[in-house]
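A short worksheet on the structure shown next.
Labels run A, B, C, D and E following the written order; every chain starts at residue 1.
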Amino acid sequence: MRPKILFFKSVPIALILVISAPILLGYLWVFVRTFSVNMYGMRPIGGFTMRNWMTIVRDPLLWRLAGNTLILATGLTVGILLISCAAAYPLARMTFRGRKAYLSLSLVLHAFPSVTLLIAIFFVLRFIAGIPVIGRGIPIIGGFGYNTLGGVILVSISFLLPLGIWLMKGFFDNVSWDLERAALIDGCSRFRTWWQILIPQIRPGIAALGIFSFMHGWSAFIIPYTFMLDDRTSVMSTYLNLLTSGDRAIDYGLVSAVALFQLLPILMFYIFTQKYLLTIFGGGMKGGG
Amino acid sequence: MKMELVNLNKTFRDAVAVRDVSLEVGHGELAAFLGPSGCGKTTTLLNIAGVYKPTSGDILFDGVRVNELQPKERDIGMVFQSYALYPHMSAYENIVFSLVLKKRPKDEMQREAKRVADMLGIGHLLDRSPAQLSGGQQQRVALARALIKRPKLLLFDEPLSNLDARLRMSMREEIKRLQVELGITSVYVTHDQVEAMSMADKVAVMQDGNLLAYVPPGELHERPRTIFIAQFIGSPSMNILDAEFVMKGGKPTAILAGGKVELEVPKERVPKLSGEKRAVKLGIRPESVFLEPQATADAYSAVTFVESMGRENLVVCDVDGQRIQFLSAPGESVHLGDHVGMKFDMASVQFFDPESGLSLLWS
Amino acid sequence: MKMELVNLNKTFRDAVAVRDVSLEVGHGELAAFLGPSGCGKTTTLLNIAGVYKPTSGDILFDGVRVNELQPKERDIGMVFQSYALYPHMSAYENIVFSLVLKKRPKDEMQREAKRVADMLGIGHLLDRSPAQLSGGQQQRVALARALIKRPKLLLFDEPLSNLDARLRMSMREEIKRLQVELGITSVYVTHDQVEAMSMADKVAVMQDGNLLAYVPPGELHERPRTIFIAQFIGSPSMNILDAEFVMKGGKPTAILAGGKVELEVPKERVPKLSGEKRAVKLGIRPESVFLEPQATADAYSAVTFVESMGRENLVVCDVDGQRIQFLSAPGESVHLGDHVGMKFDMASVQFFDPESGLSLLWS
Amino acid sequence: GGSGEKEAGPERVTISLWAGNAPPDGPDRYRALNLITALERMQAEMRQEGREITLVADAVSDPAGWTEFKRRFALSAEAGEAPDIVVSGHTDVALWAQSGYIVPVANSVAEVQAMYPQFADVIEPFWDSVTWNGKIWGVPQDTEARPMYFNKVLLKEMGWSDAEIDALPQQIRSGEFTLDDLIKTAQDGIDQGVVKPGYGYWHRPSAGGDFTQFYVAYGGEIYDAESDRLVISREPLRKFFDFHRRVVTTGITPENFIGTSWDVWHDTVVNHDVLFFNAGVWSWAGWAVNNAAGGEAELFEKFGYALQPSGIPGEPGVTLSHPVIYMACSERATRRSNQDLVIRAIAHMTDTDLNTRHAVISAHTAILNSQLDDPDYLAAEFLSDVSYMADYNYFAPNHPSYGQWFDVVYRTMVSVQAGEVTPEQGVDEAVQRLQHELGDAVVVR
Amino acid sequence: MEASKSLSGLLSKIFPARSQRKPNRAWFWFLLPSALIMLIFYFLPVVLTVLISLTNMSTITGLDRWSWVGLENYRRILGYPDTIRKFWLTLRYVLFTLVFFNVGMALVISLITTHIPKKAGAFFRAVWLLPRITPVVVYAFMWQIMAAAPPHGIITSMILAPLGGSTTNLIPQHPFLFIVLMNGFVGASFGMIIFTSAIESIRKDIMVSSLVDGASILQRIRYIILPQLKWPMLFVTTYQTLSLLTSYEHILVLTGGNFNTEVWALWSFNLALNSYYGNFQYAMGAAITTMLVVVGLVFSLVYMRYFRFDDLVQEPKIDVL
């Protein structure tokens, strides 16, 4: 019996090790590359160097861009979570005309490739930039017009919205009706029920969307690059672009280091959300409704 | 607060769950809902709570129509059949949640929670989360949550179903005491008749979404309006026998088993028969049937089934193809296959119309 | 299959839920678990099912240790207290799920499902999803799901708690019949004593994780080993009175209420007292106390509480500061404040040690 | 972009500049940084003229590749947020002039030469590269050549004498050594076992202007200035395709080669004994720093460089020049009307020392006559060596649809090289596609 | 005065005062933010894009001097010799990546990682997240290095060369395989995140009860877990189909569209926004996009029918508000 259990436990691990091998190998390479002058296959050539990491540590711009990136990623995450949790709630749990239509439409819009919408969105942002205060006059995010962090956040939110709404709707669907009923009877408004009772039940969903949107915001390139003009106020990914574009010889050691540097915060964010958001609540209910 | 239902209907897409229910629960009264599983009790409760909107009909609180009022505007407390505890809150937080919503001071909340929780015997569990509680403990937390609010109307949906007999009894007393003390109008769904009988001012019996009766508990037991009620109320349930009613020698008499059994019917129990019809259904509760030496027995037959029910035994006999069940007193020992004599106490006999099932005594 | 628990322990992080429980359920037997809410019944069941792993101790099936076996390798059926129906499947799919896993032919599944569902009165609901069923209907689906499998071991966790009395009775008969017919070893958790008494071959009483007794039902009622069992079993629960035991005129006598009441104790009920100790707890069931004209009464006192319990009334009197409760027969009408005489039937009296709570008759 | 706000006191003007494809700390950084020095000089000059002015430089070195840079510039110009000066390839002139993002510097070469002495110093043919529609739309900043490098060590192993090796650039320049000879020599090396198979000749691994050098080397024409139309010549195109198929079939170039990463590419040509390879002059600087363990000295020891050989015996070799130029943005694009001031700033950026500073650091070749005598420039041995190539260069045409022309030609070349189609089929395909995409804008010869 | 009155009238019509007890519009407030965003940043741009596809807008015309050309752009697209080939390539690419990675691999990973010890599960999920959060250039470079010829290549020099296999750059040899692999390893994490959290949110007692019912782990996956993932699967499949149809970045960086790997989206991007020489043909790009969208719509409709979208959108069980 013992060997059998061992077998059942080790087969999945072995399996996932095999299918993850390309990634593990690839990132091992990237990691080693940051410390070596050059590499042939998995073999470092030319010795060990700290130069790449020192470049990062010493570059003040990079840290500043990291700050901007954090604002973008956080703004996007908070925005998308709030907006899609709000939208998904009535779509999952209220009766009104046009419910299904709204759901289908929101998904279908995703069929439009973001790149080619850029020109059209440019028209919109250019218009918003002309509106006083909202366009240009908000601290930290600048505003919501062309060439502001806020504008970039809004555009990014819109691109993720189909994802958010659909994902959250699925999670709301699974919450027990009696729970919501109990809250209403206890004296909650529908808003409060949503906020205080239902939202905690869909924490795995929030984790999923949160992780996803944070990652998205943290590594977003095309939108900030297109709609933000000054690299000094832009984000990390444009800095990375700085190192890799054109047909110059690319310093892959440095690029790898910056890439890893950029990965760290997301991995930390991921670990955090895993721990706090993926613990789900059980109990307190019986029955299947 | 007085609560009225007027022609309440609730239809789900493919099923009628509540049909034309009208009743009134007076201020401070407790109405119990009894009925077989799936008869629409929970649905009715959810309509009163404002969670469901009646398909038609009205709900009145103190004479005011509240159909359009939101649950939170109705000031009610409810214990759910499924408990419906908030899984992300501790037992304490679950209990005081409604007070938090009312922005009560913290120390008051703590005091009240402690009081209610101790009363329900869960004072030591307040820190646990629902997942760490047993079924009965969860149910008591749900109960505490409804009681702490002291609402104008309390709705209980089988609130004690997961508790043991002793706890259940003391809980039932506590609920009743509290309800009377505070004068809270209450609706109480239960499948435990003793609970319904002992707590309720009036009992509503439902079947398939219809309200069959809404009467004080004693009346329900003594004067059942239909065969269904007669059989549903009381455990073990009433024996229903095919009989013929005749005047024999000037005395009203019920004849059973093709004439083998003749029973004299007391004056006040003579069925109202219209015209010549004499075929009736005779109802007699197991408690009114006793073992009797053969000489003086009303009927005599073989025992087909015996079951221990704790201190008494349930005895089932077959009299000419009709099943009669009754309880044997603790001392008497009856065995399968014995032939026994039975005596019928006709003082509480019931008669029903065999076709409509309606009572021939109390309609 | 014979199922044994040997010194079973289950500890949650901060609480001991099951403590050193050992018992044996013989092949084809049905063991009922009784105990107050939170005493560890469900936890024990989940250990047997293989859902929890014992903290220590063994579980044996036919003498083979199965601690390490996965639930699916144990061939068990279980009715969960929380039902645990699969929300994405219709009632039918829920019921036949275990057969699907065994790759049974389709028509067999349909036949079996129909049979079980009809037996449980849910034949017409097979197409509905759990969310469209009432509480009792869900419970019956859960029951059907466990029964259809005909496993080697059936575990029931309060399987009838949401059903009305009548349905419950017929269901209980069905389950018992099926269990006996198929000879399936079963463990049955319930809070309904009548259910336990009438169905079980042996009853286990638990308190705070401890197994207090594991005996046949009759013995549990007649020969309780501790005050806890005595009071827990039987409803309304046994009166426990402070008394002194003396020999008075050669007759064993219990003296209550500072000598106001003297009761003669039958020979076979004389307590085993060691040494000079004479203070005892006298236990007498409400059923053994009767109303009696004052002249011949054993005791006399004012009625402090009367409650209707359906056909009988529960009467509570206060005799010299001690509470005595008993049932008045249907005919007798007793009112609050009346002074009544009581007669004690000493044939079934119990005596307990006031300190340890152990029986002085059956230990 | 910056803005030209006026305050009390001395007039304060900000002049902004974006330079594309130039990482702020890369060798091309002076494309932007020169503005700072230029404005200091200009401010001093203007103060002498009696104009109290403070000039502030807002120079952005944009590291993004050309594509992204141009997209961003186009959109900011549409939003009225473009910089005053944009530094980009000369091929953008036609487009941006047409869409009104930039203003002409002058109406003729004569006029521009008369404007500022610095402009008069520009080697005259380079003005062609910024001429469109008869007007001058920008000022060249630098240029480059894309030589054919050869591995001297390998040639020597193959039995070439030092003299023969030293004469090779001259032979190419005179048309004695053609592309066919290149294939033959490489094959020779492989046959002798000196050169590893597939290491005879490497072209660049991704799209780039270098490839038109072969087309031109076989006599292909790209642009007909008179009618302002693009040209595609069938026969040269066929030969060009054929050459790129042959290098694979003869085994001097590896199969499956396009798409190799630049990192690998640079390392291979420098350290792994490739006989011939094409690359820009600017690569030299990068190799010295990143690839060659022995720095520039090692490079000189190992490699020689020449024009790209001609395909036709007797014709001189060629090279493509792609000058990067300064352009002054229009009022529409910047919402400012300081273009005169801006052009004056461009003139200061064209000071010899500034341009040389940039050229030397980034290994670009000169565009000013005075640079050729500049001691700093002369000190850069490699640059002086390749200066002569300016005489054999050609420019990509200033035609708005040139990008499409190039894309079609390049893509077809790749599929011919991979053997998906024969050179003849490739020609038909390319011609058909060009006609479909460009219609009247292309002439087939 | 008049104006303000009619305005307030209008406002009170849209936002009825609480006391009026008109049909409740809680849903309206919940939907408002998302509706606004979608309207402004999606709906409007989509309409604009379709309009742009009917013009000759490009860098040459700028954004304000274009003119209408009707269906000219569409005519030209259909006239290209390899339009159809690219279309099939796109479908093939979408299908393979979707089936093997974005849904298939995602399921496998989420199932495995939820069935092995918690920490190991979290670790492997993090590993699979890496490709998504790594900048495309670096990620593409990783693949290039893996496939490069020796001595640089990892696969070639570590695996193939010792076995005597191919020693040239693998990407041009198997371009289709590599674009699917590269996209797949990024795409799998999307489904993985969603499936994992959906699995985590299945009620505990149901998981347990299935085991007691006699299900093995594999059977539980098949009968309990997968059916409860229906909504996430509909979503992931539809969403990822649309994403793949419109994705181009990885192919762009890996092959630049060479070796017959130019899918429609990349083609659109190349035309509209990726001219080395700066002439962005906005209108052509918009036209290709619009055609792509039609394909996307067809896919979504088929999926919604096939997955019985209507059943998945259940009726609310609370009537009020």
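Here, a contact is a pair of C-beta atoms (placed from the backbone, for glycine too) under 8 Å apart; a residue touches a chain by one contact, two chains touch by 3 or more.
If you're wondering where the values come from, they're calculated on a predicted model, not measured in any experiment.
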Ask   = Under the touch criterion given at the top, what is the topological distance in steps from chain B to chain E?
value = 1
Ask   = Comparing A-C against D-E, which pair counts more contacting C-beta pairs?
value = D-E
Ask   = When the centre of a chain is set as the mean of its C-alpha atoms, what distance in Å lies between chain A and chain D?
value = 39
Note = Between the Cα centroids of chain A and chain B the separation in whole angstrom comes to 56
Key: Length of the line joining the C-alpha centres of chain C and chain E, rounded to whole Å   = 59
Ask   = Hey, how far is the Cα centre of chain B from the one of chain D, in Å?
value = 94
Task = Could you tell me which residues belong to chain C and also touch two or more other chains?
result = 81-82, 85-87, 131-133, 135
Message = For chain D, give me the residues that contact two or more of the other chains.
response = 66, 71, 78, 206, 263, 267
Note = For chain A, residue numbers touching 2 or more other chains are 122, 174, 177, 181, 184, 241, 252, 282, 285-287, 289
Key: Listing of all chain pairs that touch each other, if any do   = A-B, A-C, A-D, A-E, B-C, B-E, C-E, D-E
Ask   = If you look only at chain E, which of its residues touch chain D in the complex?
value = 59-65, 76, 79-81, 141, 144-145, 148-149, 152, 168-173, 254-260, 270, 273-280
Query = Of all residues in chain E, which touch chain C in the complex?
reply = 203, 205-206, 208-216, 219, 223-224, 227-228, 230, 317
Ask   = Where on chain A is chain C touching in the complex?
value = 1, 5, 174, 177, 285-289
Message = Considering only the defined contacts, which chain A positions touch chain B in the complex?
response = 176, 178-179, 181-189, 192, 197, 200-201, 281-287, 289
Query = Where on chain D does chain A make contact in their complex?
reply = 1, 21, 23-24, 26, 60, 62-66, 68, 71-72, 75-76, 78-79, 81, 204, 206, 208, 262-263, 266-267, 280, 282-283, 286-287, 290-291, 293
